[in-house]
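Shared chain: subunit A. Partners: subunit B in the first complex, subunit C in the second.
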Partner chain A sequence: MGNEYRIALAGNPNTGKSTLFNALTGLRQHTGNWAGKTVSLAQGSVEYKNKTFQFIDLPGTYSLFSNSKDEEVARNYIVFEKPDVTLVVLDATSLERNFNLALQVLEMTKNVIICINLIDIAEKQGIEIKERLLTNRLGVPVIKISARNKIGFPLLLDTIDRIVTGAIECQPLVLQYPDEIEEKIRQIEPHVRAIVGDHVSARWVALRLLDGDESLLDEINRLITLKGAS
Partner chain B sequence: MHIEQLYKEAQKLSTKQLRDDIVQHLHERSHLLCQEGITYNKAKKDTKTEKLDAIFTSPIFGFPIMMIMLGTVFYITIAGANVPSSLLADFFGWLESQLTALFTFLHAPEWLHGMLILGLFRGTAWVIAVMLPPMAIFFPTFALLENYGYLPRVAFNMDRLFKKVGAHGKQSLTMAMGFGCNAAAVISTRIIESPRERMLAILTNNFVPCNGRWGTLIVFASLFMAAGFTGGMKSLVTTGILVGIVLFGILITFFVSWFLSKTALKGIPTHYTLELPPYRKPKIFDTVIRASATKSWSVLVRAVKVAAPAAILTWVFANIYIGDSSILLHAVNFLDPFGRLLGLDGYIMMAFILGLPANEIVLPILLMGYLSTGSLTEVKSMVDLKKIFLDHGWTWLTALNMMLFSLLHYPCGTTLVNIYKETKSKKWTFMAFLIPTVIAIVIPLMITQTVRFFGWI
Partner chain C sequence: MVQPKIIKLVDGEKGNIIKITDLQLDGVMRRRLLDLGFIKGAQVEVVRKSPLGDPIAFRVSQTTIALRKEESSKIEGELISNGE
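== the complex of A and B ==
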């Protein structure tokens, strides 16, 4: 099963994330339980070019600061379960709000695709999105789709394929914070790297520690124990 | 270095501002991305929503508009329910005399007639006559506001107040739900992410009168508070009283939230994103039909289901004698001194105790209690209804205390069960019972003692 890949779907509520998930996977779905969590995530698979893409539908959230159980589940999956690709589904008609989540995901993991959904409605409203420019700015592929009308699916699947085969190298934007915060990150980050290694983004963990995210400590301890055992 | 140690180090470096700065920065970056990456061609951007939001969520007009909306919904409910309510009461009164005639014709035993007609029929008939018309108007009107997209704006307006008392802005949405049913609203608190703020919302939801209490509140507001007025003015005064009662409940909500978040549930409110959906013209016909058919009907069915057995039970208790008085009267006499202290009486206290399963049945039980012992007045209209209360020594003070007790007292059985299911804690479920009960006792007590001290009554 060397050619099976896990693709996580993240996004704000009401962005058509589940519509996309259903349209892609059709009836090939089942619900999986995740270790230590009673929250179940829907999974479904797609065969593409002799590969199996396992799609995992994460809970819809507005942010990933772990304010709620849903946010924690989504965040833990992206950071600690390390899917091969994370798809962030955005609503084309309210991108300004939706980009927040995308930027947060870019801080957490490398292989990201930004899916701008509801593109048909956006076009009707006269919203024009320059996906090339956004791809350049964000350092990861930006794709316009309409999950409802199944527009943009071939390009989406092809992009996933090219990321997992290494044909595309994602270089996600590193969001620079005001100097004051950057200075603090610089002080913490090396210590984090000493503990977690390269398994998760040390910069992101440093930010979360500064932010006071206590629930993260348990997850990191679990990660260290796992690494120690293997 | 351990991760816990590092966390402590990081916290030393960190400031309270940090999260805000991070969020602010994310927003700025998103804004920048949109400025560069998006163009609006037809200038078709939804300006209507923005313009309306400027009015509905304005710091100056926001609250007055909310008050007016609330008042309008109540006014429509009260004014519109008057006529159908008395028509229904007349109809049931006529039906009762017909049924009595039938029982006499069949030579049915007296106890059967008493239990079925005077107990069961009267009890349920009153629930329907008093509650169905207001509900059939209130729910669809409220649903129209909801579908139009106004309710999220209410949450937006209230957010600042809730934050001040240490609670969550989304609590106002769960409160809006409480106007319909507290038991459902307790479940709806799931939309609040932080457990602390969710607990606040659960513990205070009861201070919003659910539809089971609307009937009681509307009846007493119009019978006693607006007694000196007639016609449209009467409805207006009744509306005023009701708005006052609701505002008082909200005030208590704020106070209790504030008190708890300074004591047992300490903490700072968390961040959250509130989606303000675009305003949409509601599908009026669909909304009205769906709201009346599903909500009003299901609530009524529930009320009748609970009221029917309670009505029979009350009648039985009122007619089984131990010594020289009925079981009911024993209980009433036992509760009377305490009730008097609060400006209520033993019948009222007993009605609230027997009414634990559902608030809808408090009023019918009270009526049956009065009827079973006093003169056998046939209640055929609202005027007769008032006479029953006056015969038992009611004044405006009794009515006011009754309304306040109804507003503030412990949640109904279903709500308590839901609170236990949601919190999984016996302690907090008990608190959800205790806090309102103490407040419901203290406030009428203070009012009654003050009024009596000054000799206003």
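== the complex of A and C ==
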């Protein structure tokens, strides 16, 4: 069957990723309110318009710069396993904190949907979220949902469908850095592209190299060795 | 015009609100603190100090995070309110 697609769920801890995962897939992946709850990757599928969406629940993290095993697992999945769509689940009541991760994901991969969860609680707190404005600014769909009350699911599934069929093309915002850093990116990026091709964002790898991210280098070396051996 | 008073987070008293101006940290720990919301311009409230003054709990971007003095002594900011 050529119509199976992988959808990864990323987000900060306690944003309701696992609740969304369970509500969508009908599985009973246990959720709990403590750090590092989602350790291994849970998978579950949803049938939609003659397609199978395979959802993968990534560990909840504040960042994807692999300060920990959890972050490394989530990062490697998004960058190297290349899911068809990455859903970033954000807590509507704490967007400032949550957008750190969202912007990191937008630098790593193209097909991203931003799910603003707990929208019912935010509205009770008087928080108004202009999702159309965010969609325009970020270049990817932004959808308000409540995983607990299953609000926004039809739009979410339809948006996933439209991305995998190519009806919508995501054009994630490219974050601009100070001139000095942009100049270095321009120098490094062609060399990176010669090695990783179009498989991984060369700009993102160049940025990580400038930051001295050795765990990423190790992972790329490991994958290149594997590929050479097969 | 009164000069803003610059203090280190480690020297904050319970109830103080401090606007971060500088992080004198590098590498992984700097990145980690930035990820947790200790960024320039962020307002941090001293929530609670341990009996021996270490660690200290801070409220930053709607979450409470405890820091050891090794880190909180390297973050500086303007004292905006002493909570009175």
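In this section, the second predicted complex is superposed on the first by the 210 of 230 C-alpha atoms of A that agree within 3 Å, B and C clash if a C-alpha of one lies under 4 Å from a C-alpha of the other, contacts with A are read in each partner's own complex, and residues count from 1 in each chain.
By definition in this document, a residue touches a chain if its C-beta (ideal position, glycine included) is under 8 Å from a C-beta of that chain, and two chains touch if they have at least 3 such contacts.
For clarity, every value in this text was computed on a predicted model and none was experimentally measured.
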Could you classify subunit B and subunit C on subunit A, in the superposed arrangement, as clash or fit? clash
Between subunit B and subunit C, which one contacts more residues of subunit A in the superposed model? B
After the superposition on A, what does A:R97 contact: first (subunit B), second (subunit C), both or neither? both
Just subunit B (first), just subunit C (second), both, or neither: which does A:A206 touch? first
Answer with first, second, both or neither: which of subunit B and subunit C does A:L133 touch in the superposed model? first
Quick one: is A:Y177 in contact with subunit B, with subunit C, with both, or with neither? Answer first, second, both or neither. first
Thinking of the overlay built on chain A, is A:I220 touched by subunit B (first), by subunit C (second), by both, or by neither? first
Of the listed subunit B stretches (152-160, 296-304, 314-322 or 350-358), the one clashing with subunit C is 152-160
Residues on subunit A touched by both subunit B and subunit C 62-63, 65, 67, 96-97, 100, 212
In the complex of these two chains, what residues of subunit C are touching subunit A? 27-28, 31-32, 34-37, 61-63
Can you name the residues of subunit B that touch subunit A in the complex? 1-4, 6-7, 9-11, 13-14, 18-19, 21-22, 25-27, 29-31, 33-34, 36-46, 193-194, 270-273, 275
Quick one: in the complex, what on subunit A touches subunit B? 13-14, 62-63, 65, 67-71, 95-100, 103-104, 125-131, 133-134, 137-138, 175, 177-178, 180-181, 184, 187-188, 191-192, 194-195, 206-207, 209-212, 214, 217, 220-221, 224
Could you list, by residue number, the parts of subunit A that touch subunit C in their complex? 62-63, 65, 67, 93-94, 96-97, 100, 212
